[in-house]
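Take a look at these structures.
Both complexes shown next keep subunit A, but they swap its partner, so subunit B is in the first and subunit C is in the second.
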Partner chain A sequence: MRWIKGIAVVAALLCLWQAMAASGFVSRVFLPSPIAASQALLNGLTHGNLGLLTLNTIEHMTYGWLLACLIGIGLGSLIGISSTLRAWLMPTLEVLRPLPASSMVPVFIGLFGFTPNMVLAVIAFGSLWPVLLATIHGFASIEPRLNEVGRMLRLSRAAFIWKIGLPNALPDALAGMRLALTVALILAIVGEMLTSQQGLGRAILFAARSFRSADLFAGVMLLGLIGLCCNALLAAVERRALSWQNHR
Partner chain B sequence: MPAMLNIVQTASPPPLASFSGVALDFGARRVLNRLDLEIGHREVVCVIGPTGCGKTTLLRLLTGLLKPTEGMVMRNGEPVAGPAADVAIVFQDYARALLPWRTVAGNISLALEAGQVPRSERQQRIDVLLRKVGLSAHAEKYPGQLSGGMQQRVQIARALAQEPKLLLMDEPFGALDAMTRQGLQDEMLKLVIESGTSMLFITHDLDEAIYLGDRIVALRTGPKPDQSSVARVFDVNLPRPRDQLATREQPRFLELRRAAFSFIQEGGA
Partner chain C sequence: MSGKWRGWVVPLVLVSAAEFAMHGVQSYALAAPSAAASAFAELAADGTLWRATFETLGSALAGVVLGGGLGLVLGLWLGLSRTVADAASLSVELLRPIPSVAMIPIALLAFGFGWRLEIAIIAFACLWPMLVLTKSAVAQVEPRLFEVAQVLRLTPMSSVLKLIIPAALPRIFVAFRLCVGVALVVAVTVEIAANPQGLGYSMILAQQTLHPENLFAMLAWTGLLGWSIGAGLLSLQRRLFAHYGGLQ
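Here is the complex of A and B:
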């Protein structure tokens, strides 16, 4: 039933879009009808290279996101477990964190040039924060009693991180990873637009510049779809990894 | 020959654990003072006393997580330097002491993993421990799915997995209902006697202390500078195995109960 309600709203929005396009209220050059956009989408997927571009974008997003997760969880674990590291590093992180990733683009261009590595760095930098901060928070919320259990069992620091710290931080870290994926998709598109890297970002930009509004909207629809699928995929992973929480 | 006799004398094993002249301050407050106590092999020592008398502190000194301000805490004749493999602890708050993301078997396994037991042996040892605490049917459940009494059994099984020489119990049954408590008391006595472990058992329940213990140590709150924290020691002298009905009806039980009760009522002076 909830499912039907959700679909109904989407259908209503599509109708509104169609009505606006048909009314001529917005010039057809800028707003295609949903039918025209869908046709462009199908056409691009079957005859054009839209499928390949989509894969390119997913690839950029995924690499940057994985790098962010790796650094975020690794560094987050170390900072979370050690109050010494927290004292040394937290102020720096607090300075870096509010920097918009887009403002770091010129810095990374200076460092890496207009290369795929620059885009990778921008994506990783931007999507690092949700994972890093969530992991640190997950470690901070370890039940003090479990610290004692670990000490009584004489667990090594590595064993404590692996067996108690990380599982305890996992719910937070997974939520952070989901947020990070959204950020990674945005930055992948920005990166493609900036560096003319092959992908949906560049395709959308070119479609806009040559007034191919149907192609532009086809690209935007595909991006929405990528976001939707990735989120559903991560939600499924989360349900599986945190299945113990359903038994409480 | 006198020399031989001398050797025999010095070779007599030191007590499993001992406190000599132990004092402990929390800030300006002296919690424990002039504490002398020995725990023998295969002995069950219960500690009672009013809230804030340092019962848990005494127990924590034996874990090595806490260091005395004065005096010595020894185990097997050696000063306690830190947690040891053969000293296990069972906390009162079982829900916080277990890993909620591990199953019952997984929680017991944690102690085996920490003790470097090879993977191939773990499953079999877990099965034995599960049988001992009566949780064989619940091996794959998560702690959150179990009742309080069952969760506490998981913690006991995890402690026994260490094969401890000394088992520290910090008001382990304080949060459980009376029926569950009595059941666990009997199981605990059976397990401890079977395995030859010594047990230091903290409780605020006098009946529980008498029922379980060989000896009861009563602590006083706020000892004066010249006073020992140990207000009284009761030798229980009740036969084993003990029985929830018969033991509690024995004149000796009632006598001890009266003595301990009036001690507590007088404010542990």
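Here is the complex of A and C:
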């Protein structure tokens, strides 16, 4: 019943969109009808290169995100495990955290030029913060008694990180990784808009410049779909990886 | 408390190291901190800095008011009525994952460059967190308050204004704080990617005209601005809702 209502509302919104586009109430130059947009989407996927562009964007996003996850969890473990390092570094990290990731774009353009590496660096740098800070938080909130257990068992620092620290930080780290993937998608689009990298970001900007609004909406729909799928995928991974938590 | 000085060591060491490394080096990508500081004084003196700050903060504020306001109203509506929430949830879940920057080309077609482009994107980005968090804030209001409203025979309007909003206000303020952070990040991102105004554009311009000292001055200012607005809102929240526990 809930689903039927939800689908009915979506259908009603689509009808409203169609009516608005057909009546010319909003100029067709920037509002194509939903039928035209979905035709452009199907056409682009079957005859055009829309599928390839989607893969390009996913590729940029994933590489940057993976790099950010590796660095974030590695550095986060090292900083989080030591209360000394935390005291020295956390104030700096807290001040840097609200800096918009995209504001590093001009710096990286200066360093790398308009290259694929620049886009990778921007995505990795931007999505690093959520993972890094969440991992540090996860390590910092280890139950003190587990530290004593580690000492009793004479665990080496590496073994302590691997056997007690990381499982303990996993819920936080996964939440950070989910946020980081959203950031990575946004920065991949920005990177493609600024450089000549192939991808949906560049494609929708070009579609807008040449007033191909149906293609533009098709691209935006695909980007929304990428966001939806990524979120659902990581939510499923989180549920799977953290299912042990519910048995406590 | 005695360990507070430690937080200052790392930034000071980094800044001095950068100063030392850049001493006498001619670079089009990087600048010495002292050069950035004197560039900052110049930009502040000739008014460039203040105009860019005004443009960025102005659009961020307008976007928060528009998008956050709409999100607040919709969130209250969805939170109060189960039927509406069931009907709207699918549409919200489909629209929410669209990355805000993907809307840039659409807004560009509709509004052209300028304030309206930026405000529209920021409003879109702020709408969703406000909607979702307000909805859950209303859902967590003590159920007995609804009974109180019935006993007092309050009209729906006055029960929302007199009971529900005050009860949900601490959580709504958290959502507002989140929206302000999102708005600043999105404002700078839109300026970097497309819109020729504000702090983001002045950074891109500084890079393109090979003035790294201006770029780093603007970058530090942007970071400082984001950090102090966030810290200010957090302390305001602690002061306003000190009686209210369990809020992060």
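By definition in this document, the second predicted complex is superposed on the first by the 237 of 248 C-alpha atoms of A that agree within 3 Å, B and C clash if a C-alpha of one lies under 4 Å from a C-alpha of the other, contacts with A are read in each partner's own complex, and residues count from 1 in each chain.
Quick note on the criterion: contacts are C-beta pairs under 8 Å (C-beta built on N, C-alpha and C of every residue); 3 or more make two chains touch, one makes a residue touch a chain.
Just so we're clear, the structure is a prediction, and the values are computed from it rather than from any experiment.
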Query = Fit or clash for subunit B plus subunit C once both are placed on subunit A?
reply = fit
Task = Using the touch definition from the top, say if A:Lys163 reaches subunit B (first), subunit C (second), both or neither.
result = first
Message = Taking the superposition on A as described, I'd like to know which of subunit B and subunit C A:Trp244 touches: first, second, both or neither.
response = first
Message = Once the two complexes are aligned on chain A, which partner has more residues of subunit A within touching range, subunit B or subunit C?
response = C
Touching partner for A:Arg145 - first (subunit B), second (subunit C), both, neither = first
Query = In the superposed arrangement, which partner chain does A:Leu111 touch: subunit B (first), subunit C (second), both, or neither?
reply = second
Ask   = Thinking of the overlay built on chain A, is A:Ile189 touched by subunit B (first), by subunit C (second), by both, or by neither?
value = second
Message = Applying the document's definition of touch, where does A:Gly24 land relative to subunit B and subunit C: first, second, both, or neither?
response = neither
Remark   = Minimum Cα separation between subunit B and subunit C after superposition, in Å, equals 18
Message = Going by the contact rule set out above, which residues of subunit A touch subunit C in the complex?
response = 1-3, 5-10, 13, 29-30, 87-92, 94-107, 109-111, 182, 185-186, 189-190, 193-194, 200-201, 204-205, 207-208, 211, 213, 216-217, 219-220, 223-224, 227-228, 230-231
Query = Which residues of subunit A touch subunit B in the complex?
reply = 143, 145-146, 148-149, 151-155, 159, 163-164, 167-168, 170, 242, 244-245, 247-248
Ask   = Which residues of subunit B touch subunit A in the complex?
value = 63, 65, 83-85, 87-89, 91, 93, 96-97, 99-102, 110-111, 113-115, 141-142, 144-145, 162
Task = In the complex, go through subunit C and note every residue touching subunit A.
result = 3, 6-11, 28-30, 83, 86-91, 93-95, 97-106, 108-110, 181, 184-185, 188-189, 192-194, 199-200, 203-204, 206-207, 212, 215-216, 219, 222-223, 226-227, 229-230
